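Below you will find the structure I want to go over with you.
Going in written order, the chains are labelled A, B, C and D, and every chain counts its residues from 1.
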Amino acid sequence: MFRSAKKTRIMILSEKYYYVEFSLLEDLGVEPRPLQFVNIWIPGVDEVPMSISQYTEEKLYVLFKVVGEGTRGLRDRWGFFGVKGPLGNGISLNNYSRVLFIAGGTGIAPLPLLARHAERNGVELDVIWGVKKSSELFDVKTLAPSVNNVYYASEDCIVGYCGRASDLAERFLREHAWRYDIVICVGPKNMLLDICRKAGSLVDVYVSLEAIVKCGFGACGSCILKPIPKLLCTDGPVFKCNEVYKHLEWNSQY
Amino acid sequence: MFRSAKKTRIMILSEKYYYVEFSLLEDLGVEPRPLQFVNIWIPGVDEVPMSISQYTEEKLYVLFKVVGEGTRGLRDRWGFFGVKGPLGNGISLNNYSRVLFIAGGTGIAPLPLLARHAERNGVELDVIWGVKKSSELFDVKTLAPSVNNVYYASEDCIVGYCGRASDLAERFLREHAWRYDIVICVGPKNMLLDICRKAGSLVDVYVSLEAIVKCGFGACGSCILKPIPKLLCTDGPVFKCNEVYKHLEWNSQY
Amino acid sequence: MSGILNTRIAGLTLEHPVLNASGILGSDPEHIDILASHGFSAIVTKTFTLNPREGYNPPILVELRSGGFLNAIGLANPGIQGIKPLVDRAKLLGKPIIISISGNSIEEFTKIAEVAEDSGASAVELNLSCPHVKGLGLELGSDPFTVFLVAREVSSILKIPVIVKLGLSDRIIESAGKALEAGARALTLINTIRALAIDIYSFKPILSNIYGGLSGPPIKPIALRVVYDVYREHRAEIIGCGGISNWTDAAEFILAGARAIQVGSAFLKNRKVVYEILEGIKKWMNVLGYSSVESLVGRSHV
Amino acid sequence: MSGILNTRIAGLTLEHPVLNASGILGSDPEHIDILASHGFSAIVTKTFTLNPREGYNPPILVELRSGGFLNAIGLANPGIQGIKPLVDRAKLLGKPIIISISGNSIEEFTKIAEVAEDSGASAVELNLSCPHVKGLGLELGSDPFTVFLVAREVSSILKIPVIVKLGLSDRIIESAGKALEAGARALTLINTIRALAIDIYSFKPILSNIYGGLSGPPIKPIALRVVYDVYREHRAEIIGCGGISNWTDAAEFILAGARAIQVGSAFLKNRKVVYEILEGIKKWMNVLGYSSVESLVGRSHV
């Protein structure tokens, strides 16, 4: 269902990351699950899929960086926007007590909502977050105060672990995998593939994918996770490694 | 909403009165209130308004006499029919402890459902039923076993009080009106007018009217209770005397 | 009611933009009382024909599981002698009244229109679009030239405003243009859409007339498109009609180009719908910072 | 699946009468897997054009508050080179596959149809009815003569059956007749209906293409009417399409004259819809005492 939303605030989190608050003129109807997403319509410009960063009392938050027209509109325009969703499956933390969240880049976006659900369910949540340039980083606890440990990684080696999030994650999990019920991983495909390969045997790993989302309803087929007969918008974005392994491999060949 | 129903039984109650059982292929969705009605569609023939005589577990009962094509079809045809409803306001017995029901002719139709609601709410229900010819009569307790006292009247003077139901009712109420919280009255217009006139000052009287019902939705206006700006199908069929007094008078002039 | 909702359409000044749709009551003086008491700013009557019509046998209306209603009333109406009592009643209540009319020939149209004017009606609405009455119906409205002829003849003999009501058809933009060219002051868009419902157990179409007109929420996006198209092409005065059930629907029609709206089916489901629409529109205008509903008309066109 | 649901349409023998509607997935081999795994008896592809088309920018689909969906995908498809992989995948899965095609000229239609036949498709469906794509759309289907020309040219060069899909238009009964006369083995009725949705806060039409096609429950009674009309006039083989959401809808279409049905929007809301329809139909046949679904086709006509 389509809902109208007014952009009421924008925060600059770091060199590239923005956090936007939308006041929905009508609530979402259902409580969104962590890692669900919405399609945000920038009137006259585009419609872009965005993870739900946070949702409380008719306020919806998304965290993004600017990559093109749509996200530029999200940053620069004011007034009214459209929100479709929540879309996708998301994940439920009901059955877990310790969870590790691994994010690459804007993969950090769904963390605030995840953390709130974790807190509510008494789940201990640790976070590994890696970025290319450390100027992208911000203090995760400002948006997700309830998280337990946060480990940063930057490829420019200025802050935290020197290298990629997946490298840090791999080293970390070799030792600590036993402490976690599941690992949730959001980031670029090659990172997800890496983690599935290297940690998939140590612990249950869930990955949240991206694809070209156009309709969001399982109709247009643009989000097909080739060569797997699954659609990101309705079957995903969250999958177990083995469900989408072929897709992660297939895609990394191109 | 339109629902399909299969005619599963017909009982001959007396010389002229029939009691038909319909098995609904889908329940009514809501519990009907006493004195609500349905429009019954006799495919290819007509659609006729009928009081809900009884309703239990997807079985709907109507009580009628044959007056024309529609009611003849109701008696003679088998197979599938259509049911629209429950329609109209009906009445609730929640606030009463003793109720008198006065019926003229087929006005007895809504009694079984009314009696069930009375029983359920611990309401004591007495009945006065008058007909033209005593061969129309049947034992009311076969359909409404929980009623308290039943007083019959026939104009051919063979059974019960000799005269019209409204005469019996008037005499009865002059003495006993104080025992009842309300009186509910269903029958021909002149009877309703009579009772409103004569008993309306002794006790609260509700009357249930008839009119030409075509659409059942307050659209076509055929059921307008001239000269009163009220529609039978949505505002009625149940009214207090003073609400429709002008209509009862107006109509009796023609 | 506050002035921010004031609406001018076809030369009439209305307290607010919400009228009833033709055929929702409107053939008896008591109906006028009912409509007026539920807040409509002007009353549109049932469509009148020269002679009285009984209409079809029931079933004439069925609520559909897929939403909305299907109806084939068959233009039941008391004929021209029924017009004056309605006008008198509306006058008594201080409400403008628009007489909806239909005929089998141009002469019938003009005759009824004259009776309406002589009775003191505020305007007439030519129903060129009933989708289920043979010869009185959609065929008229789907041919732009016939629309022109009927609208011109009626317009030329009346002093009161003429409104033309059209139904969905391939050439509706053209028909709309012809109606305007012929002198129509406003257009009502749209009537019901020809449709069907079948009882799956008796195998019979449910309505006695077999076919009926679909109304209510299902036709809203289609009606909205027609209003948008006709406004875009002709910048006409439009009364939007079709599935309007709440204030957001009404707002969409206003933005598409409707100066006023008519509500039919929604009134059957909710007798408070007029007040709810007006409340919603006022809040909406408040959020947007507008102080006259007329300034929002057609604002979806850039 | 039991034989009582067996269906013959356009010369194809299907396990049961429920196909997917064109444009619900159907442009990638993986889409075929998805459709097949949800129980459709045959697969209808996305409409193919000669050259690849990107389609429109999002928003291309919106769910409406008044029911159903509004879409303007813009016929996104990989062009003719995408056809063979789909056919191969369907063959692998043992499903008949119908290639939906559209073109800017009769030559384009015939070229694509030939590719479909050469690829081993079971049939082609000529989409003469897309309500929101300029020049490729409804204009084609609303002119009976154009329908005749396209259908005849394609039919004359193909050995596999040709199905013609039409959209709502004033002369749809005539267009249907022309399609049959030209050699179409069956008709798919109907496509989406041109409609609109406007965002009341930004004042903008929601779809990037402004207009879209209305699908889902709102159009069911209209589609049913068209199927009834065309069956009544031509006793044609018809695939009913438009708002079919459950088995009672399917039953109505069968009684109106559809030998098979296509499900689009309902599949977006409920991935089990095919099984639910089939279960319902079987129970219904049981209640009525029928042992072959084909014997119920058109039974609402006396």
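Heads up, the rule we're going with is that a residue touches a chain if its C-beta (ideal position, glycine included) is under 8 Å from a C-beta of that chain, and two chains touch if they have at least 3 such contacts.
Remember, it's a predicted structure, so these values are computed and weren't measured experimentally.
**Student:** Quickly list, by label, the chains bordering both chain B and chain D.
**Tutor:** Intersection of chain B and chain D contact lists gives C.
**Student:** Taking each chain's centre as the mean of its C-alpha atoms, give the chain farthest from chain C.
**Tutor:** Here the answer is chain A, farthest from chain C.
**Student:** For chain C and chain D, let me know how many angstrom lie between their CA-based centres, rounded off.
**Tutor:** For chain C versus chain D, the centre distance works out to 34 Å.
**Student:** Please report how many Å separate the Cα centroid of chain A from that of chain C, as a whole number.
**Tutor:** 50
**Student:** Just curious, how far off is chain B from chain A if you go by their C-alpha centres, in Å?
**Tutor:** Distance between chain centres: 64 Å.
**Student:** If you average the CA atoms of chain A and of chain D, how many Å lie between those two points?
**Tutor:** So the centre of chain A lies 37 Å away from the centre of chain D.
**Student:** If I count partner chains per residue in chain A, which residues reach a count of at least 2?
**Tutor:** Touching at least two other chains: 25.
**Student:** When you check chain C against every other chain, which residues touch at least two of them?
**Tutor:** Within chain C, the residues that touch at least two other chains are 64-65, 197, 200-201, 204, 287.
**Student:** Assign the assembly's chain-to-chain touch graph to one of these shapes: line, ring, star, complete, other.
**Tutor:** Graph shape, chains as nodes and touching pairs as edges: a line.
**Student:** What pairs of chains are touching here?
**Tutor:** A-D, B-C, C-D
**Student:** Over in the complex, which chain D residues touch chain A? Could you list them?
**Tutor:** 23-28, 30-31, 33-34, 37, 46, 55, 57-65, 69, 71, 73, 76, 197, 199-202, 204, 206, 208, 268
**Student:** Show me the residue ranges of chain D that touch chain C in the complex, using the header's touch definition.
**Tutor:** 64-68, 70, 142, 169-171, 193-198, 200-201, 203-205, 211, 214, 217-222, 224-225, 228, 243, 245, 248-249, 251-252, 255-256, 284, 287-288, 299-300
**Student:** Name, in rising order, each residue of chain A that touches chain D in their complex.
**Tutor:** Answer in residue numbers: 1-2, 4, 6, 25, 39, 41, 43-44, 46-48, 79-82, 84, 213-222, 224-231.
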